[in-house]
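All chains are identified by letter, namely A, B, C, D, E and F, in their written order; residue positions are counted from 1 within each chain.
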Amino acid sequence: MVIKMVKIIPEIIKESLTNLVKSGERSDGRTFDEYRDIVLETGIIDKAEGSARVKIGKTQIMVGAKPQLGEPFSDTPNVGVLMTNSELIPMAAPDFESGPPDERSVELSRVTDRCMREAGVVDLEKLCIVEGKKVWMVFLDIHILDYDGNLMDAAVLGSMAALMNTKIPEAKLENDEVVVDHEKLVPLPIKEKALMCTFAKIDGELIVDPQLEEEQVMEARISIGMRADGSICAMQKGGMKPLNKDEILKAVQRTSEITKKLMEHLPQNNH
Amino acid sequence: MVIKMVKIIPEIIKESLTNLVKSGERSDGRTFDEYRDIVLETGIIDKAEGSARVKIGKTQIMVGAKPQLGEPFSDTPNVGVLMTNSELIPMAAPDFESGPPDERSVELSRVTDRCMREAGVVDLEKLCIVEGKKVWMVFLDIHILDYDGNLMDAAVLGSMAALMNTKIPEAKLENDEVVVDHEKLVPLPIKEKALMCTFAKIDGELIVDPQLEEEQVMEARISIGMRADGSICAMQKGGMKPLNKDEILKAVQRTSEITKKLMEHLPQNNH
Amino acid sequence: MVIKMVKIIPEIIKESLTNLVKSGERSDGRTFDEYRDIVLETGIIDKAEGSARVKIGKTQIMVGAKPQLGEPFSDTPNVGVLMTNSELIPMAAPDFESGPPDERSVELSRVTDRCMREAGVVDLEKLCIVEGKKVWMVFLDIHILDYDGNLMDAAVLGSMAALMNTKIPEAKLENDEVVVDHEKLVPLPIKEKALMCTFAKIDGELIVDPQLEEEQVMEARISIGMRADGSICAMQKGGMKPLNKDEILKAVQRTSEITKKLMEHLPQNNH
Amino acid sequence: MITIIINKDFKPKSKPSKRADGRAFDELRPFKIEAGVLERADGSAYLELGGNKVMVAVYGPRELHIRRLMQPDRAVLRCRYNMAPFSVDDRKRPGPDRRSVEISKITSEAIMPAVFLEKFPRSTIDVFIEILEAEGGTRCAGITAASVALADAGVPMRDLVVACAAGKTDGEVILDLSEAEDKDGEADVPVAIMPRTGEITLLQSDGNLTTEEFEKALNLSIDGCMELSKAQKEAIVKRYGD
Amino acid sequence: MITIIINKDFKPKSKPSKRADGRAFDELRPFKIEAGVLERADGSAYLELGGNKVMVAVYGPRELHIRRLMQPDRAVLRCRYNMAPFSVDDRKRPGPDRRSVEISKITSEAIMPAVFLEKFPRSTIDVFIEILEAEGGTRCAGITAASVALADAGVPMRDLVVACAAGKTDGEVILDLSEAEDKDGEADVPVAIMPRTGEITLLQSDGNLTTEEFEKALNLSIDGCMELSKAQKEAIVKRYGD
Amino acid sequence: MITIIINKDFKPKSKPSKRADGRAFDELRPFKIEAGVLERADGSAYLELGGNKVMVAVYGPRELHIRRLMQPDRAVLRCRYNMAPFSVDDRKRPGPDRRSVEISKITSEAIMPAVFLEKFPRSTIDVFIEILEAEGGTRCAGITAASVALADAGVPMRDLVVACAAGKTDGEVILDLSEAEDKDGEADVPVAIMPRTGEITLLQSDGNLTTEEFEKALNLSIDGCMELSKAQKEAIVKRYGD
């Protein structure tokens, strides 16, 4: 037995993937607008008030939602708080490292957070218990277990599903005291649905849901968050090369189509 | 004058120490069940409410105890808190480094903490001043000054002695206010006595109180915390090789004998 | 184009600067008691309640003052708090690094802080709003933009000017509530003026306001903080070589003269 | 490809008990172990034991980039025990705490005796243990799963280390304390063994026990280990065949 | 030596608006850009845009001391976006936070496509962006100033990247949101382009927009970029001549 | 083996004072210095001065592993001043704070001029100062003890640096302020010298002093240093003989 070698030889892979794209193909046989198989399970962690496991192809993540009582921000005294955190734990890929979140991890959680927040997914006003004093803070923790590309879409899909799965204890103000009843659980108030759709640009073509080797050779990336009503709630370009305006507008258009299909993976109601 | 060389040549030392053990001997002439000389002084730091200096052979540590008013943990509202911290400061050995506690230091303080806590050394209920609101928190700080092996036993002995030496101000509830009288000092309520006894396994033999060079060649280590009544309150195996069941049970038996003698080093009463 | 080389060849510069000093000269034509040109502007950051930009020759720093409501320290319940922080941000010099303040940065902010505090520059008692409960905390942040030597004097000059420029909201106790009126701004109560004067020792001579290349070859440094009344409020020796007593006393004497002139750079009143 | 051993048909094989979940004093919680559950890792395993859900990934043997950790004559084994923020009742702040630092250390020491580290000088073998849900006994669950993940990675080993705890509740010495039993319990004795020789590679004791009770707990833990050991081997057989 | 382009004569060139500061919907705030404002840095620039005050220093290409970051075939471009503690209403605690970490990353990606990194293998180019005062739109202001500082440092580039945001307030899509407009606004779309080709190197969208509104915001941002681009070039011409 | 110099017979040698502990204005607190008090360190010293208890360990000259700190023509001298958590009235949180970072820096600068660093290129000499109990004047006590520990380690030096503070309380300039005197005092002037030449290697002044008062404080500090210097040498003689 010998020490395992680094397996990727990027230049060769790059040429092969680029040639495939030139002829309208991808290494796993998908079309440019086709996602890998998606498996979504919710309610898998009993100790989390909401949870989801998402597999997009070989990419696998878990999301847990935990409500905590806290104080609202002083400039928004009557709304609850949604906090999103992600960790690219070293389990998920040979180049992920222990330690505080790096810039990729920070970007992932911030983009997910903006997508959920700006779409108005959770009715945060209903999470206010006592104005200016007590609100629910919902912590979304995105745990990356297996990384084979396209974390953005997986994180948003998992977060959306975990929030829809979340139940919080009933909290009431009685005689100036906040009474939290852990026996009476109510679903988190979900107002909107939003998902994210990511394209990689390879040889000038945009292909949806890039797997890892496509990400490794892509020129640029664009992730578009969209609500069920077709409005854009988040967008983030990535990668070291530019995109042109047409490519962006085309990506938006394609996202509208793809998101409709993606939405079908979500449960019908939150439960 | 030349740069000092690293002094240990482990393979040669290992052989020599192993051969000694084979013939029932140790490099400093001790028997397998014999501790090095122990010197214990208490009350040496005026600013600490309790303190002790322990020397076991050339190993030297100081322990300080400082009470602070604080809030109890929400799941144990009527008991005080004992917090144990240790630092392998770079003074004590050429390979100790500045910085946050490393895993050896964390293990040392956690094992010491468990030994004190599980033995019920301090009557923590008596450290409650107002249930759910105000309790005494006692910080035990273990400061390693000179490291020549067997920190576990030194840390537990020093902690036990420092706690027995600790006086805390009288704290009373008067008209809904906590009044702390620094003129009236009362001894910390000590309920039990517990000490720890560590064996190193060399060439299949267990020898008590290993000095540094014995630790460097040992196969495994077992530390056993025992109360004055002979019950086991803590145990921790260490080292890169296994122990078998007989060795462990023999170590327990020998600990019962040795702990009785060790206890004689403690002051008769706390003062 | 090639990678830029490190430009300093210290031994040659050292010899040349030393020779200049031997003949009573400096590389930029100044006398031993002469500062570089000083440019001081205040009120340049609208969002800061007080601000100043100081240029001493090519050294450039900004200082911002921001008041915050806070609790007083328990041992000084009736006085406000002045907090001084500095960052040698990597913008300012090729060898400054990102990360937590290093020892040079800590020394800079601590010496500046002592100079302001011990001189009694701010009437901290007037910053108390409710004894033991609410006081103003004034944060002074020293931001180094361009480093060409003598940060100490620049930091103290900038801090003094920023404090004189600071306005804080009126805070009153009304019906047991602290009412802070951001429309009514009152100048920070300034009680004293103090500045700092730094000398570098080169070839046994003390030269004021060392520029970077003089700092790089200096034997030692002495910084003297002085109030308008000529009393010494702070002093800090630096550098790897000693000073003798006569040098120190001479530096004190010269500081008395130089500080008078330096004070003219400050605005007449605080505004 | 994935091996599942569900312990559904588990039945009490000894005297009745007063345990809240109806287990006998010497009965493990239901468990399952799977090997090869992750794609990127060189080896992986998933274990459930009662409410515990544990995932382990192994990377290596691979090049060690931190020179001062490098060993000229053997591989370094680095274990990282980590709890997911959502794995416990009150959200756990991400990042290592003192508890996880200690558990990581003793987990390394528990596994190391079984691995032929000397075959891979100057390299590292990294074991990442993620507690996805915690319900008492996670350190032992992590060690048991880690061995399976190491085997799945093809790391040569003398034996498959397996771990299990016994403890004392209501004055009785019992096997494999649940979270509730641990919280109210008087003592907990986690043990790891190499089942071929019975040698012990992890041993802790937390709480007060007489020497007799300790010996009983030690024996009970070892019995539990032997039972889990079978499931480890079945998981590997299911993944690779005999 | 120092070049100043003050936008004082700026007049509305389009239909009137209801914006608080009287600007038209497609009007930038007053701005000025200077190159060569620092002594120690290899290149530098200063930019004001409305109430924003941004200073940028560039060091490099220079030797990279951290071996694991080194690229054998090109330079590394490292951008650090940092807010001075006094730059915002409530004092900002010194040091990076999650927001500045993300902005540093996307700033690097926005500038990278324009720089001939391949000319400087194994080296680094460091861009330090200091926000001295923040009033909405600092990430774009930082990118625009950084390009000028890179040019001032003599770093060879394909183009001068320039950035500007558009957004939506009160249901209207407008250019270059001020802090007040951003706070009450419904969406913000920061964009960076390479003006020669019109290619987009930074794109974010935060808030809800129909696809039509998004396209409008994108176009408006690009127009704003083109206007700022002229000022960038003038700043460099003033510093170095034609 | 261990040398003890207890200053028990210390008697006031000058005019009476109103100091709380009955000392004259130019009188040091009782002190003792011992050399060679630790086993592992290459050199060590223990010092008591009033209520201060200070332990110092020296390691080196030894190999320096951090390449970027290495000096090709001399040794690096690294001092670490650290307070034990139990050394002060309110427990000090472990780890460096801004105060200890500054004191570590000026301690290094105070000792450096006396050490023949040029004899040990590419190496390091590490000085670890632990304040076991603090009662005013710990930075000076640390420097005084560190010199003895360096001598005990056999590090070649031009001189034994020694440090002492003077200050002002109740309008009077006095030597060696106790903690109580420092707290109520108006000024504090810590000084370190190389006694052979009288050269000053540490000088700080904290508080308001006229230039005359400062000169008086400086002279008084130097007198205090000279007295402590004798005890340093005696400690070394006791340890090694003449």
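Operating definition for what follows: a contact is a pair of C-beta atoms (placed from the backbone, for glycine too) under 8 Å apart; a residue touches a chain by one contact, two chains touch by 3 or more.
Just so it is clear, the structure is predicted and the values come from calculations on it, not from any experiment.
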(message) Just to be sure I understand: going only through chains that touch, what's the smallest number of steps from chain C to chain E?
(response) 1
(message) Spelling it out: a chain qualifies if it touches chain D and also touches chain E; which chains qualify?
(response) A
(request) Please report how many Å separate the Cα centroid of chain A from that of chain D, as a whole number. (result) 31
(message) Just the number, please: Cα centre separation of chain E and chain F in whole Å.
(response) 52
(message) Counting only Cα atoms for the centres, state how far chain B is from chain D in Å.
(response) 28
(request) Note the residues in chain C that touch 2 or more other chains, in rising order. (result) none
(message) Multi-chain contacts only, two chains or more: what residues does chain F have there?
(response) none
(message) Going by the defined touches, start at chain A, step to chain D, and keep going round the ring. Which chains appear, in sequence?
(response) A, D, B, F, C, E
(request) Show which residues of chain D lie in contact with chain B when the two form their complex. (result) 98-99, 101-102, 104-106, 109, 112-113, 187, 189, 193-194, 197-211, 214-215, 218, 222
(request) Could you pull out which chain B residues touch chain D in their complex? (result) 101, 103-104, 106-107, 109-110, 114, 118-120, 222, 227, 230-245, 248-249, 252-253, 256
(message) Residue numbers of chain C touching chain E in their complex, please.
(response) 1, 3-4, 45-48, 51, 58, 60, 62, 64-66, 68, 85, 87, 89-94, 98, 100, 139, 141, 143, 145-148
(message) Can you tell me which positions in chain D touch chain A when the two form their complex?
(response) 38-42, 51, 53, 55-57, 59-63, 80, 82, 84-91, 94-96, 119-120, 123, 126, 128, 130, 132-135, 154, 156
